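Two complexes are shown next, each including chain A; its partner changes from chain B in the first to chain C in the second.
Let's turn to the complex of A and B:
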């Protein structure tokens, strides 16, 4: 940079001089709701640009407009690689070099890897014969460029989630995309998989492919992107270079609120022990697990995916049977034959995959909350007592400050944060002694995360023992009283957040 | 075989069951493994097979059609009047008219399903009733025997005299069935449209985002099913030489069960022509075998029902188990 042009950010300059995409005055109404309000957006060729904002801020709608899934309101200006476009269709967008990796993948589980990757060659234009050899060739070429080996003939639904993510990326690259949207591409990846994805993103960027990156993991965003566009409630907040941006500043911009980050660990060694595990083991999953959680204590359990954290939680919740060791709750040894026994003993478990396992999506909020306590609200004739049901539902809606329309609305209409609260309510209604939370903030945006942790701390203050399982080290660091580190099925470290810095802790866990 | 077992477990299992069944019946009855019996099995199954591959396309695209057998009856009646109006008609006109009328009735289903965004089972139960009601009302249940000569004449494609002097004959419906089966196979496996049908049945939203035209998919799937219904109806008349308004009602469920037995999934995205043919033939051979073994016809439905139940439940025991989800268990050892 010469002295003659001091202020211009290089990425911003590319965006003006050779834009990959330029949007102006983009609005979108759904019914009466303004999902996007006069938003502008631009990025240059080869730029990695992050689109940030809380759930419901309009990120996904913006992507859907650029890719032709939704039409914008009249007056929108869309320019793709310098070419003004009046109405975008999925086929046109692909023809112009735009590809999307959707958050929900949008792949075809019953079709093979090769067909999924090369699927876009089948769509658009006149009906024609299928050239499987060419499709396989295309798929193999793309996977080769990515440096991954996958069985081209395997049906997609036989692959683990991370491999499906790779297939989604390969599909985006198969069409020689010059502009790729990645909507939460790392949500289901482990750290090392995330690292290789970020390496792929950098390589693509170096080849001139522009990338719009959407992620809830702000550290990732700041690492990979050169600029970030922040949306809030469908409006543009601003465009910022990532150099000099911090996570907390970005959170502020996204939520419009300030959060204080402080270690909240307390010393609870004098409290009564609620859960005591001794020598707990299950072949192939975990071994020699000994831990104690005291009344009112929040114990963070972290470690890489596959370290056995979730398996341990399943055993404590009676979903699987340990081969050896004891589980004691309030001093009583438990022999759990099923999770019903665990619930009866006072253990509650909020699973990792909230959408699939924790909630019955099409059913109402009220029905979901009372699901775990149906016997308790059933009257003499075996019918559900309406006043008892309304009582339980009303109590927890107030207690957890769940923002809803009506209790009879389906759960699927709620935001991620509010859904998580409904799951919590469902389990708290069983009046547990021990609450196990497995990755409670996956898919929940930053603002709502704080709300959930405030609830968790409240519950602890009322004497509940809490086991908080999370991938995200900062989450356990700032919210737990003690942090346990699990690796290879064993507990390998115990840390007091007051005696270690976040950076040190992260280094030990990711090392 | 190992490859087939891996990529198409349902079809491979059906094939094994079918071979075992044939071997058993061959031992139990000296008539079963004769050319004559094989030929009559094919002749009698051809209409069901034509309908089955039509229905398969709808199932793959994630829909279901209850109305096709009744639609075939409607096509038969309309054909009688159309051929009279066209000066008697001939086979070419016959196929064109029956195929077009059938496709038209399929388009009605597709139009209602897409237009009102109502699931296909509801719409096709409605059209099933509407078609049948209209048919009974306008025909007053009358049978028609006065058919053009070309239509009711038995046409032998291949014949062979065995040493004992008995004839084995394959008739026109078998040839038509083969064409329909091969055409459907080509459609769903070898054309871009067919793969879009699979994708649409598998993940409708994903297909839509990829630019697959949803309405087109519905019209192709139900149109194809209707066309096969019409052609099957035309062949049915060639076999029975009469048009009876309530002759075909109820057949839709037999065909549906056989297609699902063949590995097609209610809900879309899965199913093959091979499995579909094997499913229909398994049911047909079971019935044929019971016949030859002298079992009371009253027991047929019961035994066929039990066969389907056993086949489907054992298939889901072995292969229907959902793949293990969740990181820890599925990716242990990484």
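Let's turn to the complex of A and C:
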């Protein structure tokens, strides 16, 4: 609480006659765990309000209490659109105009756009038959109000995520929602899709719909919301106007810790080149890529989603084969037939999708670590040596300070930050020369991100060459020695963080 | 007691204590109900009946752990048996010498491996679903076998084969010995070798396994090839037990092998499963079947009891899961 200003009662700040939502003294216990502790929360009609905090801070519990999924402990005060409510049920919440759009959207992938939008109003709970004309009329009307054109008959699973998000919003509006909770709505959207979603949110707000926005992307939060409520460990830290708030200040409030933001770029031009790409191209993905990464250097690679960053990483890791150009590692030209060749040559790749590709979630922490070094722990008879295995696992758990219960626990039981450390352990065990990190902090709490970067900088100091791919321009700006900008499959700019401000760099990348 | 259970659980899987308990209950009930159940003769007869189903179940187990299925196990065994029979007949049938038998066994193992390898290669390189690929292989082998034998029995083998199917060494039936060796080899393969490690990883998430540098195609090919080899062993054993080969023999065992795997706690979605609990599940199925038989029940009834038993086990696991959750409830 040291970093926080005294938290004013949020209900007093919304002076308008009756706020969309007012909560006071809300607590929730799960077993012995206090998920929420005397929390207050309020937002005015038509307000866009952000709920911020690290994973496990109580955001989801708060939403579930407002929507009637969980009952709060006695003593809580809940007022929805000026009406005091003693116990919220899901039906009552919906009736009062509250809707939640969860991150997984909870739509019906096999049904059409129109069916999804009209589901709560015209389809669900009606055994007698469905009026298809009324359904299409309702859906068309709502989409029209949102100002978007979608094919009413398209099956949902044929649409991109961004369009499904819009369908989810339309479904909430079709049920006359006046207060919408949006849980990480932009997590899987590209920059331009995010921009159009934010435009829709603004339009809704202008029509008097109140929106509670939950997002890990702080830049977005500060752009869209007028106020932000910060929770930490189930307690209210405070309510702050976003005007004048910075990302680093917000991070401090969320984590309760201070982070030093300084450019850490060093001049490593004299070091030996580890990776040299020359004229690397793959049709439809990228072309004319030439870059050098030196021993101990962190090279940041940024650009919008779809700029070819990940595709380039895949080619260097041997997952795809380039059509032209050369990949040299330590001066030796590589002919990669598969990623196994790349691993053998000393290249490691941490993929962006940690859940599906980075780790084998149901399997144990230990197995996920030794996965990449099986030959090294196999004894003479072709049997995996138990002591060698335990040795590798123990070494890396200590080295990367991974906090776990037991090495035999499934890796899925770990937090995002610790999972990412396991991925790093798996690759560092192969003693790589080049480490490619693709968006290493996606889904990792702000507080834990700093820990990941501390490890990455430490590895660079030991002479590892690192290619750091990220959406988040500040991440590469503060951690890389050089920043490369990729767009449309080409490298279009190279910047030294010491010679450009963050704002200028963001300007060039998002322009 | 608790420490011992923990140790067993860690070494052999969480299913083992429950299955041992279940086995004890079933043996006790039949022991009381049918006096002859606890006789040496009965144990001997069970030990002769179990290995056939046991070998086929091991052949099914690894594909299931890898997230697939091998529906062709029975007909792979049949075709392998047929190969051995053909070689023996070429060398004079009942007059064929031990050399012919060795040659025939080698040919049978090779045929089993080939049938498995074809499935494995198609699954690994084309990405077709194992159910479809093994179903196609099953239909192909059945048709081929019935065409070659015209649907009849082939018999007339050397008499020195009888001890393999019916003999005992040091009081243990030879088929049981073969099964135990196979089970041990499979246990070591799954728990201690790189191939076994890769089987589990592929079963949970084949793409992440490939990203981490595992040779997923080679692993898949090997999984089905080894499954085919084990089917061939089962086919050879069947030939010596019945002194004849017929395509379609053992057909009813196909789904029982799947049942035994699931009873033994193998995850139907892949990634988890161990040899010992599956062996215990096989013993329980055998005890149920033999016990009911001794009580004079119809053979079909014991099949019905097997089905009920699996449903019961699923309900028990669900209850145990609920109790376990209640203990460490955490719901943020």
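What we mean here is this: the second predicted complex is superposed on the first by the 477 of 511 C-alpha atoms of A that agree within 3 Å, B and C clash if a C-alpha of one lies under 4 Å from a C-alpha of the other, contacts with A are read in each partner's own complex, and residues count from 1 in each chain.
Here is the rule we go by: contacts are C-beta pairs under 8 Å (C-beta built on N, C-alpha and C of every residue); 3 or more make two chains touch, one makes a residue touch a chain.
Bear in mind the structure is a predicted one, so any value in this text is a computation, not a measurement.
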item: Which superposed partner A:60 touches (first chain B, second chain C, both, neither); value: second
item: Touching partner for A:160 - first (chain B), second (chain C), both, neither; value: first
item: Touching partner for A:102 - first (chain B), second (chain C), both, neither; value: first
item: Which superposed partner A:496 touches (first chain B, second chain C, both, neither); value: neither
item: Which superposed partner A:375 touches (first chain B, second chain C, both, neither); value: second
item: Contacts of A:507 with chain B and chain C, given as first, second, both or neither; value: neither
item: Most chain A residues touched (candidates chain B, chain C); value: B
item: Those residues of chain A which chain B touches in one complex and chain C touches in the other; value: 356
item: Interface residues, chain B side, partner chain A - complex; value: 7, 189-196, 198-199, 202-203, 205-212, 269-270, 323, 325-332, 334
item: Chain A-facing residues of chain C, complex; value: 10, 188, 192-194, 197-198, 200-201, 204-205, 207-215, 271-272, 329-332
item: Complex contacts: residues of chain A adjacent to chain C; value: 30-31, 33, 35, 56, 58, 60-61, 319, 339-340, 343, 349, 351, 356-363, 367, 371-372, 374-375, 378, 382-384, 408, 426, 430
item: Contact set on chain A toward chain B in their complex; value: 67-69, 89-91, 94, 100, 102, 104-111, 115, 119-120, 122-125, 127-130, 153, 157-158, 160-162, 188, 190, 284-285, 305-311, 352-353, 356
